[in-house]
Amino acid sequence: MDHLQVNHVYQWMKITNDKIQKNKEVLTSLDQAIGDGDHGINMARGFQEVMNKLDAENYEHVADMLKDIAMTLMSKVGGAAGPLYGTAFLKMSTRLKEQDATYKNFSQAITEAVNGVKQRGKAEIGEKTMVDVWAAVADQMSKESHFSAELIVNTAKEAMESTKEMMATKGRAAYLKERSVGHMDPGSVSSFYLFEALAEVIAEEG
Amino acid sequence: MDHLQVNHVYQWMKITNDKIQKNKEVLTSLDQAIGDGDHGINMARGFQEVMNKLDAENYEHVADMLKDIAMTLMSKVGGAAGPLYGTAFLKMSTRLKEQDATYKNFSQAITEAVNGVKQRGKAEIGEKTMVDVWAAVADQMSKESHFSAELIVNTAKEAMESTKEMMATKGRAAYLKERSVGHMDPGSVSSFYLFEALAEVIAEEG
Amino acid sequence: MKKIINDPEHAVQDMIKGLVAAYPQQLKQIKGTNVIIRKEAPVANKVGLVSGGGSGHEPAHAGYIGNGMLDAAVVGEVFTSPTPDQVLEAIKAVDSGAGVLLIIKNYTGDVMNFEMAAEMAEAEGIQVDKVIVNDDVAVENSTATTGRRGIAGTVLVHKIAGAMAEQGASLKEVKDIAEKVIAGVRSMGVATAACTVPAAGKQSFELAEDEMEIGIGIHGEPGIERKKLTSAAEIAQELTDKVLADLDFKDSEVAVMINGLGSTPEMELYIVNQTVQEILAEHEIKVSHTFVGEYMTALEMAGCSVTLLKVDKELKALLDAHSTALAFKM
Amino acid sequence: MKKIINDPEHAVQDMIKGLVAAYPQQLKQIKGTNVIIRKEAPVANKVGLVSGGGSGHEPAHAGYIGNGMLDAAVVGEVFTSPTPDQVLEAIKAVDSGAGVLLIIKNYTGDVMNFEMAAEMAEAEGIQVDKVIVNDDVAVENSTATTGRRGIAGTVLVHKIAGAMAEQGASLKEVKDIAEKVIAGVRSMGVATAACTVPAAGKQSFELAEDEMEIGIGIHGEPGIERKKLTSAAEIAQELTDKVLADLDFKDSEVAVMINGLGSTPEMELYIVNQTVQEILAEHEIKVSHTFVGEYMTALEMAGCSVTLLKVDKELKALLDAHSTALAFKM
């Protein structure tokens, strides 16, 4: 695969949604441990709405699709995850506006997404948030020159798992301080599903 | 024993109180099954206050003692049991006013108590209330001519147990209708303790 | 049992202290009693209104003391009617000479204790009358039995009789309006979890994870039927149907009260209200007032009750009248 | 999970319908949104006040809509901040041209969503400002972290800013008074039992029969310390001490709020209040107002919070000002 097309993004979202619906309870339990227990519910609602939107529309450009995904997440997820995921996709859309989603462009779009999320959430790497997964993937992708399913999924997985031993200083888990250690960050886990889904699309295309 | 004296009544109340304190939870559970679960608490509070009162005063006449017992129960028990037990003792006191508590007088006092309770609670025999125990004892006593521990305790016990298969039509248990069947009436059980205590006083005296 | 209390034996007294400490401008405790009265009682030339009963129903009954509602609340032990001497203290404290009305819920204990107090007060030359509230359609009203219980509908009796008394009505007039409310008010409740009386230390009854108790009272006593838990809409339908079947509300206007029993979130009460309003609309019954909240609780019992009151112009005006009662400000 | 609901997915929408059906004279839902506004909004020449957040905190926030308090409440999913488009609808609906103040509780989600809405509203030419309430002393306020959370103290911000706005103050004045309240208000809570988010279907956390969670939030998130359950007096002492340690209340007058989290009976809240008042008296801190009840809940969580607000003449008068809000009538 040398660039992401509309049908790839559609598949990406479809697989992500499937994973999130299937793991709704996992995300909820993780958020109950260190947050307020709504992350699974919020993400499941939001990505279902994304699929409803994508199924109802026809897209020519990846950027348009990403923008609708962003707006849907922004207006349907709520909580902390809504604006953050929304911002991520909005930044990707902006970067890919009137561009093909070549590896380079897409990789830069992910980097833009990370910057957007960091800015919106005022969080840095190592604070036990979804930033940890997104930043790791962005960093890894920026070092490569072609889509690699394996690299993406491994990087995301490792980053997700690394949040387990971190102490949260941002988001709701921050109130728990030391007690947040020992549980993976729910937003990092949902972000992992997203990148795992991306990797599956890439793998499928070969 | 040919008549009840002040020290007998004191012992009667003391043993009753001991039994009630010991069986507070039994009464509470019975009242939870078909009422609101406070009978044990109410009776335990009331009879403790009776003992406090009796220990603080000196009595020459049984009637004065019974009156103080009545007033204490009336002002400390509350609920349905308070006015009913209070009325019972008040009627006994009135009947024994300026009289010795000979068997005959005492037996008539119990009958007066039953009438008072029936009137106050507008209840008849067979409605699954304490009336069932009091009326059975009064009836039995009126047929005899001397104090018999055994007869009193057996009559009270049988009457108490008979309430198990009755359907309540008075008091809180009446709301349960058929569902009240199968549980003994709490007020009948506390009344049984009272008569059991009386029997013990009689037996002790020989 | 998990309670934020000190000693179960003193829970009621601690509560009273904390209550009066919170609202010293409005409430006063009669020293040495469990009677709470309106700060300015007795109010000159006004009929005094006394209610009360066991505690554990908060905000009932002290929350209804205020200008336009009650003058005194007699607080018994948890779920236990207060004793006659306490009720008598309340009567004496609120009587301005215009007489006193006792608002009693129909339970053997309450009726007996309040009636004995009334007799004592009359012996002291105070004019006393009483009304007995029996709005609970879950239990039958037959002469052979104790009759229906008084539950949440009692609050509407407080409100309307209180407004009438505040306007300077006579004891007879206040009693008559209270009787009018009692004649037109019906309620029915459901519980999804029981409560624990502090001194008892264990739950009044047990419900399985998928069960509810229909026709529940407000003292942790069992209801009339145990069933599988259904949806809010089905519950609302069942309760409302029972209420509508008991009295002819056809073509009348009604006031609605959705009362939470203790631990049911307000969210759920509003969800129930949604269906109740739909049902009333279907029956072409116009709603003049709706009150959703915790008005007559049973400690931390979970569940709710639905109350309907037939209202006319007179009752609507009295419902709307000014009230400073903590739990029923209008 | 035992809930009186229909479908967990529609619980919030059902609630809103039931709420607006109950109080149609006072409240209005903006069609197609989860925004509830004051019936007469926008009020001419008045600064509009918008609050909100996740639902499950009832009576917050719609219960604070009314003359003298809020103009709009934006209702999110249970414990989930509402989205920017919803907040924007609220801003637009209440702006009379005098500007709009957003009252936000300090949670990442709320702050982000409300701020995004503010940016959008400004882009549409509406004057918008915001305050962020962070009264919970259980969590630290440091620049490296998210800072303290907003809990029950928020209600006092609504009340005082609402009274100020009703008097015709400018957006800056309303914001300044809100900031003054925020600077002087501190809270701390405890839970004895967790709650269950309807769509999650299981309890947020589990506490043993003899445990409590100190420093609890209002979203079923765990607190800061798990302990053996103590007496009401000890709990009151612990919470009040923490609040007093965080801010200098010495020689000031304070308003007190004892807030129930959902299923704790009012009886227990008053018992807690008793000790809180004693502690304040010991510290020679005079109490101007006390509010005991359910003001900011977490569904059926059991527990309570203690809030103290430093008040002066200005704040006392604003606290006393008329309010028609359902859950804060004055």
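Per-chain numbering from 1; labels A, B, C and D assigned in written order.
As a convention for this text, contacts are C-beta pairs under 8 Å (C-beta built on N, C-alpha and C of every residue); 3 or more make two chains touch, one makes a residue touch a chain.
Bear in mind that the values here come from a model prediction, so they are computed numbers and not experimental data.
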Rounded Å distance, subunit A centre to subunit C centre (Cα mean): 54
Chain centre separation (subunit A, subunit B; CA means) in Å: 74
Computed distance of Cα centres, subunit D from subunit C, in Å: 29
Geometric centre distance via CA averages, subunit C-subunit B, whole Å: 32
Subunit D, residues touching no fewer than two other chains: none
Residues of subunit A whose C-beta touches two or more other chains: none
Category of the chain touch graph - line, ring, star, complete, other: line
Complete list of chain pairs which touch one another: A-D, B-C, C-D
Touch list for subunit D against partner subunit A, complex: 54, 76-86, 107-109, 112-113, 116, 138-139, 144-146, 149, 197, 199-200, 202, 204-205, 217, 219-222, 224
In the complex with subunit C, residue positions of subunit B that touch it: 28, 32, 34-38, 40-42, 45, 74-84, 120-121, 169-172, 174-177, 179
Subunit D partner contacts - residues on subunit C that touch it in the complex: 1-6, 11-12, 14-19, 21-23, 55-56, 58-59, 63, 190, 192-193, 209, 229, 231-233, 235, 256, 258, 262-275, 277, 290-292, 294, 297, 299-300, 302-304, 329-330
